[in-house]
Each structure stands twice: as C-alpha cells, then as structure tokens.
Amino acid sequence: MAGSTLTLRLQDIALSRGGQPLVAGLNVEVSGGEALWLTGANGVGKTTLLLACAGLIAPDDGKIEWEAGGSARTPADVAAYAAHRGPERDGLTLGEELSFWQRVSGDTAALDDRLAGVGLAGRENTPVAGLSAGQRRRLGLACLMAAAKPAWLMDEPLAGLDAEGRALVERCVSEHIRAGGLAVIASHHPVALPGISARKLVLSA
Amino acid sequence: MAGSTLTLRLQDIALSRGGQPLVAGLNVEVSGGEALWLTGANGVGKTTLLLACAGLIAPDDGKIEWEAGGSARTPADVAAYAAHRGPERDGLTLGEELSFWQRVSGDTAALDDRLAGVGLAGRENTPVAGLSAGQRRRLGLACLMAAAKPAWLMDEPLAGLDAEGRALVERCVSEHIRAGGLAVIASHHPVALPGISARKLVLSA
Amino acid sequence: MLTRFANPQRFIRLASWLAPVLGISAGVALALGIWQSFASPPDAEHGETVRIMYVHVPAAWSAMAAYTGIAVASLISFVWRHPLADIGARSLALPGAAMTALSLVTGSLWGKADWGTYWQWDGRMTSVLILLFIYIGYMAIWQVVDDRKRAARLAAITAMIGWINIPIIKFSVDWWNSLHQDATVSSPGAPGLPPEFLAPLMTMALAYTLLLAWFVMRGMQAEVAAMRRARRPAPVATATIEAI
Amino acid sequence: MIGALVRRELRLSLRRGSSIVLPLAFMALFVLLCGLALGGSRPELGPGLLWLAATLSILLGLERLYQPDQSSGALAQLHLAGVGSGSIAAAKAIAFALTTLLPLLLAAPLLALLLGMSGTQIAGTVLSLVVGGPALIAYASVSAALLCAQRGGAVLSVLLSAPLLIPVLIFGVEAAESYPALGLGAVQFRILAGLSLLALALGGPATVAAISANRGPA
Amino acid sequence: MIGALVRRELRLSLRRGSSIVLPLAFMALFVLLCGLALGGSRPELGPGLLWLAATLSILLGLERLYQPDQSSGALAQLHLAGVGSGSIAAAKAIAFALTTLLPLLLAAPLLALLLGMSGTQIAGTVLSLVVGGPALIAYASVSAALLCAQRGGAVLSVLLSAPLLIPVLIFGVEAAESYPALGLGAVQFRILAGLSLLALALGGPATVAAISANRGPA
C-alpha cells in the first residue's frame, strides 16, 4: 500500500453515457486515508463515474488525475475496481478464477487464505456458475483484495450480501483506509466505517 | 387477483443444488394476504427455495402444493417469479422487452403506464444492455406486475434500488397483498410492509 | 472546447467557397470528358467497347485513390486525434465505394463484351471486389459503433490495415497471369496510349478527382454542421458533497 | 402467441447481425469462400455446397437456439406465463428456418453465378432444400433443446445432431442432383419428403419434452 | 504472464466443449460432411476443403475470442492489473491457434482417407496451413478485437476479416496444390510466408490498438 500522499482529483468533470449527458462540472478531491461515498438515484451516473475514475471511459470534459508519492499516476498504477458484476467466466471453477487473478496481480497470498478471507473456504472446486448471488460478490471482493492497489473503486459492495458479509466488507474497507488507502464507494446503503473520515457525494437529477 | 383462499404449502421439503443438500424437513404454509420474508446467510438456499416454489426445480423430498379457490393448482397457474436477474435479452430495447412479456402474460395495461409505474417513463427505446443496475431491477418489477398472478416470488427485490425504488417495491408488494395476493420474498434486508401480516423464515446452515 | 473547434471553423469558411468551385469544375470536366469519349475513334483491338475504358479506368483509379486518402486521414486521426481527419476519412468512404462499384460493373460489362464472361476469378477482379468489401466494412463500423471517439479509432485501425489491398490491386496483373489488361498507362515503363485515347481518359480522370473532392467537401460540411447542431442537452445531475 | 415469439426471435437475431443484410452477406461470403477454395467453375459441386452451407449454418446456430433463453431464465418465465413448450418449439423452429435457410436460398443465385450452375440445377437445389429443410430444422431443434441447460452443451449437441442430419444431407444432395433429369417426381425427392415427415413426427414431441425438462436453472 | 493467460483461454474453450475430444470430433465431422456432400474420392478438392475448414473454424471462433472477456469486464480488469494489451493479444492468438488449427491438422488424415488424397497431398496441405496459419490468426484477431464491444459485432467482424483472409486462402490453396510437384521451395510457399509475416506485422499492432480502444464498457 502506497503512502498517504495518494490523491484522486476530479476537476470540472462532465460525463455522458450512450450520448446522454449525466453529470457536469463535478469537482472533488479524495486522498489516502479517506472514503468517498457516492450515492444518488438509479441511473444518475454513479457507475459511470467509477468507470471514469478507473480510466475505463473518458470524461467528455475536465480532468481526472491520480497522484501518488508526489507524481502523477495512471489509474492502472493505483486503482482497483470492483464492478457490480465481476470479470469471472462461467466455465471456470472458483479456484481457477481467483488464482488466475491472483497470478495476474502478482498476489502471493495462498488461495485458501484468500477464499477463507471472504467466507468461501473449501469451495475452490465449485464452478463459478454455481455460486449464489452473494457468493459471487464475495469472489469480487477477494479479487479486489488480491489486486493490492491503494485505491479501491467499489460499485454497490453491499448488494446481495448477508449481514455477516456486509460486516466483512466494512471491515476490509476500514482496514484498507486505515492503512493509507482510499476508497470511492457507490452504494445505495450507507457503508458504516467507524472512525474513518468519509464524505458523501450525492448525485441528484 | 384470485380470492383469499390462495395457499402455498411446503411439507417436509428437502432441497439440494448441484448434488449438495441444502435444506431438509422444511414445513411452512403461506396464504393470500400474507407475506413470508425469507432470509439467511449467503448460499444457504433462499434462491433455491424460491425456484422450488415456482416449480422450476423439484425438491428432493416432500411436497410443494399450491391451492386456490379450493382446488390444487400448478405453480404456473398462480405464481410469478422475479429472479435476481430478469429474463431480458440484451439485443432488445426496453419497450420491446416489456411489451413482449406483457403480450405473453395477456397484460392489457399500456406500455407507457407500466414503464411509468416503475420510474422508467420515456425510456422505451433504451436498449436493455444500456440500463443501469437499478433500472434493470425496475424492469424486472414491471414484468412481475404485468404477469398479474396472485402469488409473487421475489428474489432480493431491494438490491440495487435507490431509496425511492425500495419504497416503490414496498408499496407494490403491500398493495398486492392487500388485494389478497401472497408474497415470498428472499431478501437480506427487511422489506417494510406496514399493516401487512408477515412472517420471517430464517434458513440457517 | 474552443480550441478544438477553431480549426473546423476555418474549414467551414474555406469549404463555403471551395465546394461550389469544385462542384462546377467537376461538372464541366465530366461533360468535356464524355464528349471526348464519344468523339474519339474506336480501338483496333477492342472496337467500340473501348469507350467503356473512359469510365472504367478512372473509376478504378479514383477508387484506389479514395481509399488511400482514407488510410492517410486515418493515420492522422489515429496519431494526432485530429477530429477533422476522421470526418474527412469518413466522407471519402461513400464516394470511394461508389467508384469501386462503378469500376466493377463497367469492368464486368467490358469483360462480357471482350472475353465473353461477366466474371472471372482473376486476381484483379477479386482484389477490387475485396476492396468493395473493405469499404463496406469501414462504413459499417461508423454505422454500428455508437460512441464517436471509439468509432473513430476503430475505423482508423480498419482503414489502415485494409490498405494492404491497394498494392495487391495495383500489382495483381503482374503477380497473377490474369486476363486483365497489364498496366499500359499507369506505369512508367509501359507502352502508353496514343493521344486520341489518352485525352478523354485524362479528362475523365480529372473529372472524377474533382467529383471526389466535391463529395468530400460536402460530406465534411454536413458532418461539421451536424456536430455543431447537436448541442449537448443540459446534463441531468448536479453533485453535492456532504460530510458524514 | 406464436407470432409474438417469432417476432422476438427474429428481432434478436437481426440485432445480433445489426440488420437483415448481414446474415445474407454471411451466406454469400461462405459461398464465395467455397468458390475460391475449390477453384473456378464447377457446376457439379453446386448442390453439395449449398447443402453443406445449409447444414453448417444450422449446426452453427444450434448454440443460439435455446441456450440464451435458458440461461437468462426466459424459458422459465415463459412457462410461468402459461406459454406451452409446443408454442416455444414451433416459434423457435420457424424463426430458425427464416434466419438460416432463407438467406441461403436468397444467396443461391450468387452461387449459380460463381460456379456456373444452370437454372434447373439451382432450382433443383432450392427445391430439395425446401423439401428437406424441415428435417434439418427438426433434428437441430431436438439436439439444441436437449443440451441447452448444459454449459459446454453446444459442441455436444452438434455431435448429437450430426448422425441425424447426415442422411438428410445425403438424400438432399441426391434429390438436387436428380432434379434436372427427373424433376420433382424423382424417387429421391419422395425419400427426402418422407425423411422430413418422419423428422417432424419424431423431432416435434422430442423437442417439446426437452424444453420442459430444461426450463429450470442448471 | 502469457502462460497464465493461455492456460485460462484453453481451459475456457475446453470447458465449452467439455473435453479435448470434442473440437477434434467437430472438425472430423466437418470433413466428413464435406466428403459426403461433395461425393466420393476427389483428391483434388482436398487442399481446398481443408483450407475452407480452417477459414470457417476461424470465422466461427471470432465471436468467442474477445467478446466474452470484453462484456464480463475481464479486459478492463486485466488492464487495471497492469497486463499489457500485447500480452493479451499474444495469449489469445496462441490459444486460438491451438483450438482452431490444431484439431484441423489432427483431423487431416481422416480427410486423406475420405477423399483418397495421397501422403504428399496431405503433407502439402498441412504444411501450407502451418505456414499460412499465422496470417489467418492475425487477421482474425484484429477483426475480433475491433468489434468485441459491439452487441451485434460478431457478424460484422466476420465480414471485416473476410477481405483480409481471402488472399491468404487463395495463396494457401495454391501453395498446397503446388507442393507435390515443387515442394516447399515453390514460389507459392514463399508468397504465403510473406503474407504471414505481413499479417503479423500489421495485425499485431492493430489488435493491440483495438484492445486498448475497446477495454472500457460499451
């Protein structure tokens, strides 16, 4: 985890999707050790904003800058993105899928530990297609942690999880932020992060 | 909506999925005018139970009976199922998709009314693939209402919806039940149904 | 925003007088060329059907030239992301494809007259047919990809790799022993044509070139106008930040 | 009801190919590739190539016939909405025929041009495809429906349908080849028609049963 | 890194076909169908048929090459994980070659049997496929990558790749046919090798650029 100098700066951002403008003139700055809770009505553009922060879609206008250790970075350097639905492919087993993403991110933790960390211990031979909705979200969380990036972009991390799973997410995010990371979390439900400095960004139509 | 004699009776149900046993010896009865809130840890078998009630998977053991107007019915006669993810196909537009399901269920309401009823007014030309997560759930709700069945089987109806959307779901379910329907709702969050008689079924491993 | 549109603004001023000039001179050259083609004598080998040449050969040339233009504009658009370059490339596509089709049709008519068959699996004919497919594919990408920026990049990549077909067309007559006429006009060491055939050919070639340029000007004008007309509707959402 | 289902199927397959032109272009391309790979004018290969194209485009479509509706849950929802498996099977078969065999028949003149086939040869091939088409579609439907709930089912359903399709292919080509000399009355045509009837009689109920067995989640 | 990517691709495509046997069986089936549709011993059609099979199986695989990873978001995640588009392109191309061309080469002896081809004819065809294969794969990669983010992109990418593949097909068949008389030194083989090098030089960077343009959501 990089030092506390990590910063995400959105300057005068205008976003659109499918030719339809969503947000304009958005300014916000988030630094390491902080969380930004993104909320707003369905279809207002939360997911789109996360995608823009991850560098996966280009804003129509304005600049999105990542900075770490005093120098500019690309999103791929610092950010990991946990999408609403993960990148898993149905043909693989849970173990194959997760260890592939571990391998790709250079994660050295043992597969079993990663699985146990999200409450999926002993399931490495379950095909991904046979995971319940909440189990899939847990796999997504495991991939996010395996990526070992200082910035977490999370889309609806609590959806579909049981109470224990929600507590798990909140604990992981808190730890991550306490270790100097930052998190931008799009969620319709508040993510309880006791003792963490957090702000709420409301997009409203 | 059929009369108040609608009943769903689960007798000594045993369920398994992918060869793995999940629930056994489950007995419960739900009648028209009542809601059953199904909850439990991720992967415990809530979705599986809903599928069994809809007649889409067979229980290993026990009987699932639907009864309406004093005679036995098949699930297809009385039940509509709103899955975690709807049956929509990405190539179609929202209007094409919804009016197909209206046509199939013999629903005579105007397409625009159905769309407006779930907060998607004016979006009939959006391709289904271009809906946000919450908008997809709203489409699912619209299909459920179009089916005009007395029993609603709902899988995580609140996930991904904004506050207004959750209120909408709760209002729709309340109205449905007040009109004599029944609902079985698998959800990690309580569904607030003021003035409705509801029970909670907790599955635990 | 302003700097991005400064250039198109200058272009619009240029186009407003250049387009009519090109259009009128294309018309004049075309009329002259057609008159010359009918005034020229029949050929010893091909007879009266030699007049097809005045349509066929310049059409083939300008089809290849238009594609090369697309490829160059695409390179500019790809490397410097210049918005005018991809508009230019895009507006060359339709006239280019039309020229390709024209050379295919006239060529196969000529083939029927001269060789007794409309179609032959000959290197040149096949490669020009392939060129037509490439044009269609290029236009289809613009049609299908909704996101404009992405469409520009994908179309540019397509145009650039498709360009390898141009030398194949050009040299196909040398590489394959085919029925098609070897280069007579268009290569330095070639025998050349007598002036009474060369004159109408060259006038027609000029006319086609002007015609292409006119089409491109008109196409670019229309595109730029459409882009300015499509004023962005006001964004729907505003953001507020609160502490929690 | 079947009308609405067919319309949906057609819409979906046109969207996949962006427009009605593209499936046609695809078929034309196949024919063009055959012409190129097998070299110039060979009218005698025409019937075989068209039947091959028909069989292949049917095999290739297998995966998309039932699997997407199975995995999205649409089959289950149709069942709950009271739409019978028979209607689904009929609608899918009609739409499948329209999107696989029809482009082929429309592209046939191009083949004629490329391979130098005569008018009667083309007519014979087209007629044999019309007579034998139902058999192809019926067998394809069964094997697609049987394995639609299986993740790796597509390849397997191809293998499953092959032994059923091969006799149709063989008699189809023979019928097409006999047409210029013997016309529609040829015994090959009668055999082909018999095969089609048999396939419908066997394949129809089997498809319906397979859909009913597979509508639940995997 | 490329190793891990290739392993994942191979796993996914084997799962689709349940085992390694099925792609092979599929190819054998194609060859068998060709043999049946075009009638008995015709050794002279062999090279054309095998090249046709190669081109077709590549065209059919186009849809599965990049589209699933694009739409599941795996391409985006690979980018964020720091995996370059070049590695992705290389890994996909290698796995694609192994799953499309290799089964074909293994099924070639069957063709020999069916069509009465001689040993040298088969050898020529196999060698020409080995020499020309990279060109097929390179062009297929570009066109698959170009339209992977488009919903109806598959059919269009087939049309896009066709003009690029056709010259390879033509020269491939010529090279295969010239082999029994002229061996590997034939000018056709040299042209084919040239086409392959050219295709790699053009197609590689173009694929990389297309992946980069398409990794975001549609």
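All chains are identified by letter, namely A, B, C, D and E, in their written order; residue positions are counted from 1 within each chain.
By definition in this document, a residue touches a chain if its C-beta (ideal position, glycine included) is under 8 Å from a C-beta of that chain, and two chains touch if they have at least 3 such contacts.
What you see is a predicted model, and the numbers here were worked out from it, not measured in a lab.
K.L.:
Over the chains that touch one another, what is the least number of steps taking chain B to chain D?
P.N.:
Minimum number of steps from chain B to chain D: 1.
K.L.:
Shortest hop count from chain C to chain E along touching chains?
P.N.:
Contact-graph shortest path, chain C to chain E, evaluates to 1.
K.L.:
Chain with the smallest distance from its CA centroid to the overall CA centroid?
P.N.:
If one averages C-alpha positions chain by chain, the most central is E.
K.L.:
What chain is the most remote from chain C, judged by the mean position of CA atoms in each chain?
P.N.:
Relative to chain C, the chain whose C-alpha centre sits farthest away is B.
K.L.:
Shared interface numbers for chain A and chain B above half of all numbers used, same, or below, different?
P.N.:
Comparing the two copies, chain A and chain B contact each other through largely the same residue numbers, since over half are shared.
K.L.:
Greatest Cα-centroid separation from chain D: which chain?
P.N.:
Using the mean of the C-alpha atoms as each chain's centre, the farthest one from chain D is A.
K.L.:
Where the CA atoms of chain A average out and where those of chain B average out, how many Å apart are those spots?
P.N.:
Each chain reduced to its C-alpha mean, chain A and chain B end up 30 Å apart.
K.L.:
Averaging only over C-alpha atoms, locate the centres of chain C and chain D and give their separation in whole Å.
P.N.:
39
K.L.:
I'd like to verify one number: the distance from the centre of chain A to the centre of chain C, where each centre is the average of its C-alpha atoms, in whole angstrom.
P.N.:
The answer is 48 Å.
K.L.:
Roughly how far is chain B from chain C, centre to centre by C-alpha average, rounded to an integer in Å?
P.N.:
Chain centres of chain B and chain C, defined by C-alpha means, are spaced 57 Å apart.
K.L.:
Which parts of chain A, given as residue numbers and ranges, touch two or more other chains?
P.N.:
Each of 18, 40, 91 in chain A touches at least two other chains.
K.L.:
Going through chain D residue by residue, note those that touch at least 2 other chains and give them in order.
P.N.:
Only 15-16, 18, 36, 39, 151-152 qualify.
K.L.:
On chain C, where are the residues touching two or more other chains?
P.N.:
126, 140, 144, 146, in rising order.
K.L.:
For this structure, enumerate the chain pairs that meet the touch criterion.
P.N.:
A-B, A-C, A-D, A-E, B-D, B-E, C-D, C-E, D-E
K.L.:
Where on chain A does chain B make contact in their complex?
P.N.:
Listed in rising order, the residues of chain A that touch chain B are 17-18, 40-43, 47, 84, 119, 126, 130-135, 137-138, 155-156, 159-166, 188.
K.L.:
If you look only at chain B, which of its residues touch chain D in the complex?
P.N.:
Within the complex, chain B touches chain D at residues 51, 54, 56-57, 75-77, 79-81, 83, 85-89, 91-92, 96, 100-101, 103-105, 143, 147, 149.
K.L.:
Using the touch definition from the top, list the residues of chain E that touch chain A in their complex.
P.N.:
1, 4-5, 8, 11-12, 15-16, 68-69, 72-74, 76-83, 215-217
K.L.:
Of all residues in chain C, which touch chain E in the complex?
P.N.:
78, 126-127, 130-131, 133-134, 136-137, 140-141, 144-147, 150, 153-154, 157-158, 160-162, 164-165, 168
K.L.:
What residues on chain E touch chain D, complex-wise?
P.N.:
Residues of chain E touching chain D: 15-18, 22-23, 25-26, 29-30, 32-34, 36-39, 45, 48-49, 51-52, 55-56, 60, 151-152, 154-156, 158-159, 162, 166, 169-170, 173.
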